[in-house]
Every structure is written in structure tokens, then in C-alpha cells.
Amino acid sequence: MPARKRTSLALSSEQLLQLYEDMSMLRAFDEKVSERCIRGEIPGLIHLGVGEEAVAVGVNAALQPQDKMVSTHRAHSHFLARGADPKAFMAELYGKATGCCGGKAGSMHLADLDIGFLAANGVVGGGLPLAVGAALGLRILNDDGVTLCFFGDGANNNGAFHESLNLAAVLELPVVFLCENNGYGISQSIHKQQRVANVADRAPGYGIPAEIIDGNDVLEVYETVRRAVDKARAGGGPTLIEAKTYRTIGHYVGDSENYRSAEEVAEWQAKDPIVRFEQVMRRKKLLNKALKEEIAARIAVLVEEATDFALHSPFPDPASALSHVYAEGVA
Amino acid sequence: MATEIKLPALSPSMTDGTVAHWHKQAGDSVVIGEPLVDIETAKTVLEMESPVSGTIEALLVTVGDEVNVGTGIVRLAGAGDEARPAIDTEGAAPAKMAEKTVATESRPRSADIKAQNEQRLRISPRARKLLRAEGMAVDGIVGSGPGGRIVERDVQQQLAKSASKSVVPVEVELPGSTLVPHTRTRRYIADRLQQAKQHIPHFYLYIDCEVDDLVAFRARLNSEPGRLPEQRLSLNDFVIRALALALRDMPELNGLWEEAGIRHFECVDLAVAVATPDGLLTPILKNVARKGLMEISREMRELAARARAGELQPEEYAGGGFTLSNLGMYGVRSFSPIINPPQIGILAVGAMARQPVVRGDALEIASVMSVTLSVDHRAVDGAEAARFLATIRRYLEEPRAMLL
Amino acid sequence: MARMSYAQALNEAHRIAMHDDPRVFVLGEDIGVYGGIYRVTKGLQAEFGEQRVLDTPISEIAITGAAVGAALVGSRPILEIGFVDFVGTCWDQVFNQAAKFSYMTDGRASVPLVIRMACGAGLGYGVHHSQSLEAWFTHVPGLKVVMPATPADAKGLLLAAIDDPNPVIFLEHKFLYEVKDEVPDGRYTVPLGKAWMAREGADVTIVSWSGAVPWALKAAEQAAAEGIECEVLDLRSLVPLDEDAIVASVEKTGRLIVCHEACTTGGFGAEVIARVVTRAFDFLDAEPLRVAAPDIPVPNSLPLEAVYLGTRERLLEAVRGIVS
Amino acid sequence: MHKISYQQAIIEAMVEEMRGDEAVVLMGEDVGTFGGLTGTTVGIIEEFGDSRVLEMPISECGFVGASVGAALKGVRPIVEMGLADVSLVAMDQLVNSAAKMNYYHDGVASVSAVYRLWSGFRPGGGAQMSQSNEAMFAHVPGLKVVMPGTPRDVKGLLKAAIRDDNPVIVFEPKGCYTLLGEVPDDEEVIPLGQAEVKRAGADVSVIATGVMVGKALAVAEKLAAEGIDVEVVDPRTLRPLDTKTLVASACKTGRVVVAQEASQFCGYTAEIAALLADEAFDALKAPIKRVGGAETPMPLSPRMEPLVVPGEVAIEAAIRNVVG
Amino acid sequence: MSLSPQDLKQLFRRLLLIRRFEEEAFRLAVAGKFSNYHGGMGQEAIPVGVCYGLKPTDNTMITHRGLGVLLTRGVPVGEIFAGLYAKESCPTRGRHPIFHMAAPELGILAGTTMVGSVIPLATGAALAARIQGKPDVTISFFGDGSVNRGDFHEGVNLGAVRKLPIVYFCENNFYAKSMPLEASTAGGSIIARAQGYGLPSELVDGNDVVAVYEATQRAVARARAGEGPTFIECLTYRWTPHSTAGDREFSRTAEELASWKAKCPILRLRKQLIEAGHASAEELDAVDIDIQREVAEGVEFAEAAPYAAPEVALENVYV
């Protein structure tokens, strides 16, 4: 596969190492969040992305600073990969005043406009129309940003998916729709929810090109998304990318997981994206035991600092609960 | 199926009323809870709601008719079944129907809830606020709002009435004086008395009673062994008993002046004036002609104490068919009281004194008590009043008659 | 001043806003060459081009969400949804997305968006094209709700709504589109949250908005002939609510009637009365009344629709009743 | 009598009705072996199989529409919507199809379906998972709306809802789910449209819905010690509302506090307040006080909760205000 | 499944009835007799071809342009006119546009005016047949304007994943009100979307009543056999504007309209019948005269019918 090799070479050794470090960091964060959530420090419904890190990291590597990202209820890895401040992120999960949204948003509504991360979303499919709109707005403003829209396989049977893909296609908007197909909409396997095997099978109905990729291969994700983003920026319209992946943890922290077998989970754990990429890096001689440990230590400090920061940050003044229902002044 | 609807008692005391206004005419449809007719009673105008739905076949009484409770006033067709009212497809019918949905779907403006409301004083918050600000009492104000509700304009009218009759207040401050604002009770008393003195043609009769027997009788009763101090009878207790018996004997004096006639009562409810820190109050001794002296004494003591403490409930000092006022304890020999409307008479009792009396041709010393009767000449003639006063004197001078 | 219809006044407001600010654009179904169902966007596409006057497919979820997304990145969309009845199809986007961004991001993001919708009955359009659903929007923190009753207000309020950094629900009554009146020239705004005293009077306060304002004025005129002076307050915006104006008027008159076209139960009239009962209880001289539609869907046939619209006739009766 | 939780009472009601009537089916996301997002479909698929427990894709307007279509053909669906917030995605089908069909087809198209909505606050739910939107549905003619606050009520009312031939929206406040209470062993069907006086009192009426019922009762007990005799009335059904019981209570005490979990502005307490201001006007001795949620979306941070979620403190303050 | 000459003559009669009805209704609407008529002139072959072979227990759910289905399934002409006049003598008693009436005994399901919202409803009817073990098939009609709505997507997906006995039937007349298909529908093909749900599909000439009939029969047979839904797209064209309510024509050209008028489904069948010797021109003209009389009587009936009494507006909010 010469083409692929050529593209992957487009990333420098440093960049490749960065991909590895980013994925490891996302994993470490989610594991910490899980632990603190079970301990009762973090309130609310927490959806983790353990097992799906390659998608977030691969996608972000393909984006430019002016690009926008719209996410789902499973947003932690997207948010961190996009460059969110780990402390503000963790503090937000804790519901602290120092959180990126002042403690009002929490896990499902993360947002940071400064890094082009427009919105996570508590409603399945709710983000798709927003992404189309962001692309439309950027076009009105003559901005060359591309909007990357994450959604899950559960969302693709929702009306919002259908209307959004059609609208983006008919207006030829610069959006890349990225489906993280982890096989389950909460408890229901994709086969119970739709008759076609792939989400990508729907793209021809909208005249949109589609690709199905291995979502646990960070390089494949990067390359495919990069091509789609470049095409969109050049006026080539939307693309649908279906990344097949798997969450090796439950739907949310506390999920009984009574809908899937231990064998199935084990099978996917064997395809762990981080372990796989580590092997690639070792083969390339870009990673060794010492370096790995150094990275792990760096991440551990980062996670620890963020958690400490969150834990010791003050809660917001309760009165702030009443502020910002409306924006002030003239936008 | 036609149904005849009878006039219900729209308030607890209502026995009859005058038809003031029909909200509906023959041929109109009416639904449960819709206003049907306004009935004027002695006190107010009450709105009667239709107890059933149907179409009006005929009105059985017309505006101005006096109707007793229980008389049929309207006949409805189709009442009682669920049939919807006949609707005129062209006219204003939709509006009425719209009310009906409201009624059938979620808004049963139920008659029994309405009935509960009838019993309470109806006064709007705005009127109440004005009353508070003016320090006025609600008594005597007749409501002109729906269902007799007292609304702001009723209070304002009352205020205007009082204002027009009072002297223009002096705006300048008088050195060395302080203005004590009227209390609610003062204002109430002032209004009532002024009204009475202006509207009622009073005339007055005086008589002296020789009460030596009464005094002796009282002394003997009070000195019976085992009698506690609080069981001692006062002279006033005997006067009450005497007056009550006189009213029992001559019920024509036990009544109220109303525009349509004089209302007589079966039993004697006597208002007895009591001085309180706020002014004069008249607690009511109920059915006093059937009570013994001891009972009268005990009740009177209790009422007076509660009146002075300001604990009386309105129903305890409103009403009564006749009033007694006794200023004897202050040494006043006699005085001419103002009638407490709409009653037709009031008895004033002065202080008892030892004084010479002419008996035959000799002068003797006797205990004499002077009583004055004020009566409403519209209701009572001179001879009748004199007979009444004589009856009272007989009881006071022959106390044993009181025990019969 | 020029005499123009409500629809023309709205059209002019669009033109001014789009001319003054290149970020402003319009999207919706059949709004291009077709000019919108009520001709509010007539001629805009010819003047501003297809990029800024965007005809969309029948996809209310997508176009509403897209308008929100576009506002999030800094453009100023005006969205037309032909009938407020259709908002159920995109209610999640309005309620869960548009309304909550400013709050969820603690003021770091805002959604400067105007959603225009036609509401109201009277044209025989039936259950799915005649509803008045303002009470839904008013219950959603984060949305502003505007309902002009005159051409001049339509223009001034729309320009104010476009200037506002929040999602504004702009409800236009179908029956008013052809009503003509004097409209000031050029750019001007009518502030959101300010009621208009449409008529002064001492006896009864009638609070109304949108299509019910003409009914209130008519009833006030008839009542005046009988010696009853009604004060008519046109709220113009329901959120923010000019509560002070309502309370001041009730303090003056002591009697309140709220008249609106929507169904009575759970309608916005309930909120107005609940506020007055809390804040101005001692000034009430009679029970506050709601004169509004019966609790039925809007039937199609005109004689049946007239039942739904019976409010018009019942208002004068209510005025007479409340002062009696 | 046996003592069970609110959640178990829901399961019992559904299982009993499904045993009693073959036409009753259960639809929704994750209602199969997963046991439902709400944990109220546990064990049901095991008993009735997948022909009567229908797991649906994440397609709310799709399966709500399908439930209406199925109901038209004689099936009696119980639709678990999961979060009440999610019902907004299917608003059009609920309001424009389910609610209105019987009306516009003149009585031949009854939609005998139940929609179960898991509403209200729970810690950490955040802005899109904590709403109480009953007022929106209660404004819609054609829907019935139920909001039980105790295990006994939820069982009896849910059974009545399933047997009703109209579309019934059942709000199940999350705050009630773990409440324990006595439920009769024999079948009890509580008719829709009947309020219940949960505690008789003479001084003030607290009319509370859903999760506020329990809070009101707790406050009532506390204040009884001070000699304030609080009556607590739970409407239970919001549409059709048991006006008679509410008015009777207001007339009895003359003082009214209305309490709901949802945001106050244009919430359902406004309807109750307006209703009582009209029908119990002469009995009222004080302004009607409303207790409700803040005018904000739901924030995540637990520290902000007391300001946004109405609690016992707010109820107590309101009672003291009207009594004092 | 093949059609006899007798069947073909029946089809002709039904086609013509719709046409004459449409002409009259259009005339009356323009004359202001009633508001807002959504005509479907030129599209007659679809309702006739679909409904001709259905059993009375099969369900149809129609759109705002569903007149043909009502007539073909047996709703009396007079009642439909009465519905247009919003008079009492129609099944909705004037509460709702006639095209969304319900007639359970004729297999006509209660419809709704909301574009596309009917698709999940029809899917539900098919779900009911499955739950109840009935052999009934549901036909869900919708227009090209519906296919970009979420309801379409969710409804069709649900029918597909549960293999319900339903036929998703798109009447593609190329314009959603004012919007041409290519501007609204990405990919330019509606039938291409069937693949996205894993459904078999057919593209049919919607002006050929026999082709419509045969395609429907194949789909219905599949559904009855438990093989799940079929997606059919019929290409056709409406000769009239979207509706008569203040409507404006645009973007459609006279040439485009003329080219479609040349494909008139009725003339086509008439020619076929005569050329095959199944009927004479005179015989078919006699049918026409008969139909015109039926239509005129229907109008008379509607004109004479009363409006519903106002209180009817308050009934049946609840059962």
C-alpha cells in the first residue's frame, strides 16, 4: 500500500510520538476519571472513551487551528485531543468554579470556543445539525475552517443524522462527518437498530463519499480524515467516515454491561489501539522501554496535577447558578 | 323533560327576596353554573347560578316580584340530561359554548363551592386594603360587586358619605393640642349613631321606679349561705331580666325597622351596652327571656369582660332586637339614648338614689331608679311605649313577678 | 413615515439588517424566489444572493440546528419556520440546543439567532397550521419571545431581535400580515421587554399581545361607549416580560383581564395572572380573568374555527362583567 | 398492603396490565434485557418475550409515530421515552399526531397510548437531562398528563393511564424513584383527574406536584409543631385538573402556596394560581405564592443545586410568607 | 396478477373519476368556493394502480395530495366535496382537511397534515399487524418533499429493521412546493436511499397505471410473505400548482409542463384500450359522461349540505 506509506511519512517522528503520547494521556485521564467517579468525587453521568482513543487523536492530528469540532456525550477524548486545558477540563467534571464552563456544563456539555471545540451534546444526534450550521456560518463569514462532526452509531438512525447529511450535501458544506461506530447504542447492538451493516452504506443516498476505516488504527484515521478535511477545505463538500471501534468499558460509569459477552470485550481488548500503535512505534524504533516510561511518568504528573487542581479548586458561588441564562450586550 | 327550579336560600338567613334582574330570557340556553337571576334581599343582591343545564322554557316570576324561598321561579327544558343546549348557528352562540367546554373539560365551577363562598364575607383585596388604610370597619358597607362583593367603590362611597357629613378638618396645627386619630371602633360608632340620630324620629319617655323591694330582694339573695362573691347579682342583672320579660310580654317592641316592614323576633336577644377602652360595645345576650337571673348574671359578666379585653367576635356584638344602656354606676340619674338601628327602641337606666317620694299626702324616703325609653316613632306610638315602660316598672317594683 | 403592511415592514427590517451587517443571513423553506409563504422575504434573494438567502429542504431539525451552529461561530442567522405548529419537529434543537448554550458555557458562547414563525388561526388552516404556542417558549429559560401586533413594532422589534445576542423566538400572527399602518423610515429598534400602552383607561386593564391586541382595542372602544374605560396593554415581548407595566396598570384600575388567542389552560395568561396575584394582590378589586380559547385543537371549517376564536366576542362581556 | 419503591410500583403496574390485556405492549430504547434506562423494565421481556417488548432504535420520532399508528389499529403501547428531555425530539408526533387525531377525525381515531417520561432533577444530570416539562404537555388539548408522587399513586395512575383510550403522558420524577410506600395488594386503579388531600390542615393549602409532594409533607410536619396547620394537596393529574378539590382547599384555608419542580416562569403552578385567583377569589386572604425552579437550565455543579432546585426551605419560606 | 380487459376498463373509470373530480375541485377553489385545494392532476395513475389490487383490510396512509386514494377506495364523491367545503356531511365534519380523513372500514388510516410525519404512523400500523398476527399490509404514501425529514429516516429504518409488512411508496413529482428536487435532495435520487436501509426497491413510471399496479402487487406479496418492506419510487408530475391558496408558479417552465402533459396516464390507457380492441371510443366517452354526472351530483350534494353546528367544535377532544 504505497499511498498510505507515503502519507504516514508525512508525519515526523516527533508527530508520531506525539500521537502515542496523546493516546496514552487520554487513556490515563479516563482511567482517573473513572476512579474518581466511582469514589463519588465526580458527579453525574460519565461516558468514557476507553478503547476509542485512536479516533480522537487521529482526527485531531488532521485538523488545522481554525477548524471546528462538534462532539457527542462521549466527549472527553475529543476535547482533550483538541487541546483542552487538562486542569480546566478536570475541574469542569468536578463541577468546580475553575472548570472550563464554570461548573455548569460537566462531562456532556464540554465546550471551549477558543480551541474551536463548539459543543459536546447530551442529546443523541443533537450535535449533527450544529456542525452543519457551523460550516454554514463559517462560509457566510468567509472563513476557510472545516467542521469535524463526531457522532455515534446510535445517532445514525435518528432524524437529525438524516436531515444533517442531506443538508450538508445539498449545500456542499465543508463538514466531515465522523462516525465512531462502537457497535452499541447504549445496550442495543447495531444489528437491532438497523438492517444495513454499516453506517457508511447510507452515504450514497446523499451523494456523499464514504469510507470505512479501522478506528483502532490511529494512522489510518489520521490519513483518511486528513484527505477528507483537505477536500472539504478546497470546496469539495462533505465526507462520511465510519471508524469501526469499540468501547472496552461500559456505556457509562456504572453500566451493568449485561448486553454483551466477556469474550466479545476480550476480543476487542486484544485490538487495543494504544498497544497496537506502540508495536508500530517499536518496529520503527521510535519507542523503547525507557522512553515509554518517561512518557508514562510525564502523563502521570499531568493527570495528577489536573486532578489535584480540580479537587482543591473552589466550588462556584451558588449564585452563579443564576447567571448567563442570557448573553449580555450585543454580540 | 321540563324541570322547575325553585328559589333556594342564597344566604343562610335568607327567607325571601325580590327579583332584581334576569340574566336569561325564555328561549335562552343555560349551562350549569351560569348566572341565572339576581335576587335582592334585605341585605344585598345575590346572584343565583343555574343548578342544571337546559333551555329556558318560561320565567315564572318577573323583576320586582317578591318571592319566598322554595317558590318555583323558572322552568327549564332538557335539564337534567346531558343534552347540549340548543345552539343558534348564526349568532353569538360560540362564545357561550366556549364557556361550556371550559365547564365540561376541566373547569367545573361547582355550585357547592359557590355556596361555600356565599357564607363568607365577600370583599376584594383592594377594598380591604383601603379599609385598612382608612381604619374603617367593614360593617354597614353594602357590596355592589358580583355576588354582593364589597369592592373599592363601595368603600369609597362610604368614605365620601362620612366625609360629606363631617366638619371640614382644620389643616392648621393648634399649639398645645394633639390630634388622636379615630380608631376603627370610634369611626364605626360615629357613623352608626349619626345615621340613627338623623334618620330615626326619636321620642322619649321617662319614668321613676321605686325599687326598695328589689334592693331588699337582691340583698337577701346575695347573702344566702355558700354564695361566692362572683355569684353576686347586680342591680343591672335585675334590670335585664325585667326588660327581657317586658319584651316577651310586648313583642311589638322587640323588632327591627326595615323598609318593607317591621321584623319581629320570637325570642329576645338583648344588646347590652358596655363601656370598653375603645368605646361603647353592645354584646348580645341571647334568648334572655328564657334565662334565669343567675345565668344572666354569669353571662353578662363574661361578655363584659371579653368586650373590655377586645375579644368579642363580630357575631357576638352584632344584631339583637333591643338595647339596654345603664349609666347608673357613674351616678347619672337619667339620660336620653340614641337608638341602635335598625332596632326600634333602647332603654336607659340611671343611678338609684334615696329620695323623697310623695305617698298619699306624706313624704317618704324611697330608693328610686329613673328609666328612660327612646323609641322610633315610625314603629311605635306613644301609648304603646307608655304601656311598655309601665310593664318594666311593674317588674322592677315587684321583683317576685320576675321569678314567675 | 410610510404606510405599509406588517409583512412589508418585516421585509424592510430584513433588508436593513442584511445591508448593515454582512454576518446576517436568512434561511428557511421556500424563502428564496418564492419569497416565503407570507412574502416576508420577497426580493431578498435577488438583492443579497443565494448564499445569504438560503432555500432549504423540508428538514426542520437540520435547518434549526444549522442556524444555531452558524450563530455559535459568529454569524447572525434569521431562520424562518413557516408555521409555529412545525416547531415540534425541531423542538429539541430550540429547547435543548439554542436556549442553553450561553448558560452551559457560563457565558463563553452565545447564540444570536432569530427564529421567525407564523402563528394564529382565522384562515381555516386547521389543526396543524393555526396554533398559538407561545406558552411553550416562555417556559424555556434562555429564549426570548417577541410577538408584535403592529407593522411599526414588527419592524422595530425584528431589528432589536437581530441585534440581541440571544436566541429570539419571533412570532408573527398570520392575520396581521396584511394589516397596514404608518411605519417610521430607516433603522430604529423597539426594545425587547417593553410593553406598549395601546390605550389608557381607569376601570379595567386588558393585557394582550399579537393578534389579540386588535380585539382588545375594539372591545375597549365598545366599552367606552358604555362608560367603561379600559386600559389596553400590548406586551409586545413575553420574555422579557414588562411586569412593572402590568402591575402599574393593575394598581391603577384594580381589574385585570388577560386576553390571548391560545388555549386557556396552561397558556401565558396564567403566568401574567399568577404574577399579579403575587405582586399586586392588594390592588385587585375583582377576580383576575382569562379570556382565551377553549381547550380544543383549531378546527378547519370556518364556522367551527369561529368557536375557537370566540374570545373576540367574549372579551366585551368579560369587561362588562368585571366592572358590574 | 406491601411496601415497595416507586420504581417497583411502575414495574408492577405494567406487568399486571400486560398480563391482563394482550393488546398492551411495551416499546422504547433499551427496554429489553438491559431493563430500561430507568430500570423499570427489568424482567418484563423475560415474561412477555420480544413480541410484546419491542426494543426501538434511537429514533424517537420514528417509534413515537409508530406507537400512534399501532394504537390506531388497536394496540395499546406503553412507550418508555427515557428522559423527559428526550420527548422533545418527538414533540411533533406527540402533539400534532397523538393529541389531535381523535379530534380531527371526529372521534374515530382514538390513540390509546401511554408515554412514560423520566423527569426532573437528579444529581449531575445537567442541562439536557434534568428537565420537568409537564407544563408544555398540559397546554395541549387532547393529551392527558399525570404526575404521581408516591408508589401507590404511580401504580394506580399508571394502570388507569394504560386503560385510558386517550394518549396519556406520565411524568415520573426522578426524585420519587427511590421513595418507599405502601401499595395495596388488591388491584387499585386510581382514576385520572382526581386530586388527593395528602394531609388535611386549616391554615394554608400547599398544592404540590411530583417530588414536591413529599417535601411539602415534611414541611407540614415541621410547622405543625409551631401550630401552623398545613394542608397538602397533590393534583396527581395535571390535565384534566381536579379543579373542585383545589378550589375547595383554597376556600377552606384562604391561603395558598403552589409548588413545582420545574422552572417557575409559565410553569404549571401559574395555571393553578390563575385558576384559584379566579374561582376562590373571595376566599383568599393573602397573595398566592409560587415555589418553583430557578429560571435557568440545570447546572451540573452540586453546589449550585440548592439555588436552582426548589426544596423544603423554599416551601417553608412561602408558607410563612402567606401565613404571617 | 395479470389484468383482464375488464380490469383495465375499471382502471380507466377510476382514473377518469379522479381527473374529472380534480378539474371540478380546482375550478371551485379558484372561484373561491373553498380555500386551499392541493391538486394532484396528472398523478392519477398512482393511487389507482396502488389501490386497485388491495384488500379492504390493507391500510393506506395518504398525503395532502391523496384524493385519488379516497376515490379509488370508495369514499363517495359527494362526501369528499362536502369535506372540501368543510361541511358537516363528511367524515371529519369539517374539522380537518378531507385528505386526512379516516375511514377504517375502507382501510384508510387516519392521516396528518404534517409533511412526512405520516411515515412513522404508517409504520406503526404495520407494527400493529405484526403484533396482532394479521396478514394486512400497509401502504405508506409520501411525496418527494418528505424524504429529507427525520421522520422519513426513522420511520423507514424502523420498518426495515423489523421487517414489517409495509410498502414505502414515494410519489416523486419533482417539486416540494416551490423547491425542485435537485435543490432539496442530495444525491439527486430518492431510490438510492433505499439501500441505506437495506431495502429492495423499484423505480416505476408513475404515469403507467399498469406498471404501478404490478410493482405494488409484487411489493405487497413480499410484505405478506413476511419478507419486509419494499421501497417504490414513482416518477410523475403534477400539472397544477402546489395549492390554490395564493399560489405562485415559478421555475417550472411551460415546456416542462407540456412534456409531462403529453404523458397523460388517462389518454395513454384510453389509447391502449382502444388499440387492443377492449373498448370503443364511444363506450369510453359514455363512461366519461357518466362520471361527469356523478361529479356534478357530488358538488350539488356538498353545496346543499349544512355546516356543522358550532358545538361540534367542542366534541371529541377526548374519547
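For clarity, chains are labelled A, B, C, D and E in written order, and residue numbers in each chain start from 1.
Assume a contact is a pair of C-beta atoms (placed from the backbone, for glycine too) under 8 Å apart; a residue touches a chain by one contact, two chains touch by 3 or more.
Note that the structure is predicted; figures quoted are calculated from it, not measured.
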Any chain in contact with chain C as well as chain D: A, B, E
Chain of greatest Cα-centre distance to chain A: B
Per-chain Cα centre nearest the global Cα centre, belonging to chain: D
Farthest chain relative to chain E (centres taken as mean CA coordinates): B
Centroid distance [mean C-alpha coordinates] between chain C and chain B, Å: 55
Chain A and chain D, separation of their C-alpha mean positions in angstrom: 37
Rounded Å distance, chain A centre to chain B centre (Cα mean): 83
Cα-centroid distance, chain B relative to chain D, in whole angstrom: 51
Residues of chain E engaged with two or more neighbouring chains: 92-93, 95-96, 112, 114, 117, 148-151, 153-154, 157, 161, 183-185, 307, 310-311, 313-314, 317-318
Residue list for chain C, restricted to those that touch at least two other chains: 56-57, 59-62, 85-86, 89, 92, 96, 100, 103-104, 126-128, 141-142, 265, 281-282, 284, 286, 294-297, 299-300, 303, 306-307
Per-residue multi-chain contacts in chain A, two or more chains: 103-105, 109, 121-123, 126, 157-160, 163, 166-167, 170, 192-194, 320, 325
Residues of chain E touching chain C in the complex: 35-36, 86-87, 92-97, 112-117, 145-146, 148-151, 176-179, 183-185, 248, 250-251, 307-308, 310-314, 317
Chain C - residues contacting chain D, complex: 85-89, 91-92, 95-96, 99-100, 103-104, 126-128, 133, 135-136, 138-142, 239, 262-263, 265-271, 273-274, 277-279, 281-282, 284, 286-290, 295-297, 299-300
For the chain C and chain B complex, residues of the former touching the latter: 254, 264-265, 281-286, 293-296, 303, 306-307, 309-311, 313-314, 317, 321, 324
Complex interface listing, chain B residues touching chain D: 105-110, 113, 116-117, 120, 122-125, 147, 149
For the chain A and chain E complex, residues of the former touching the latter: 157-163, 165-170, 192-196, 201-208
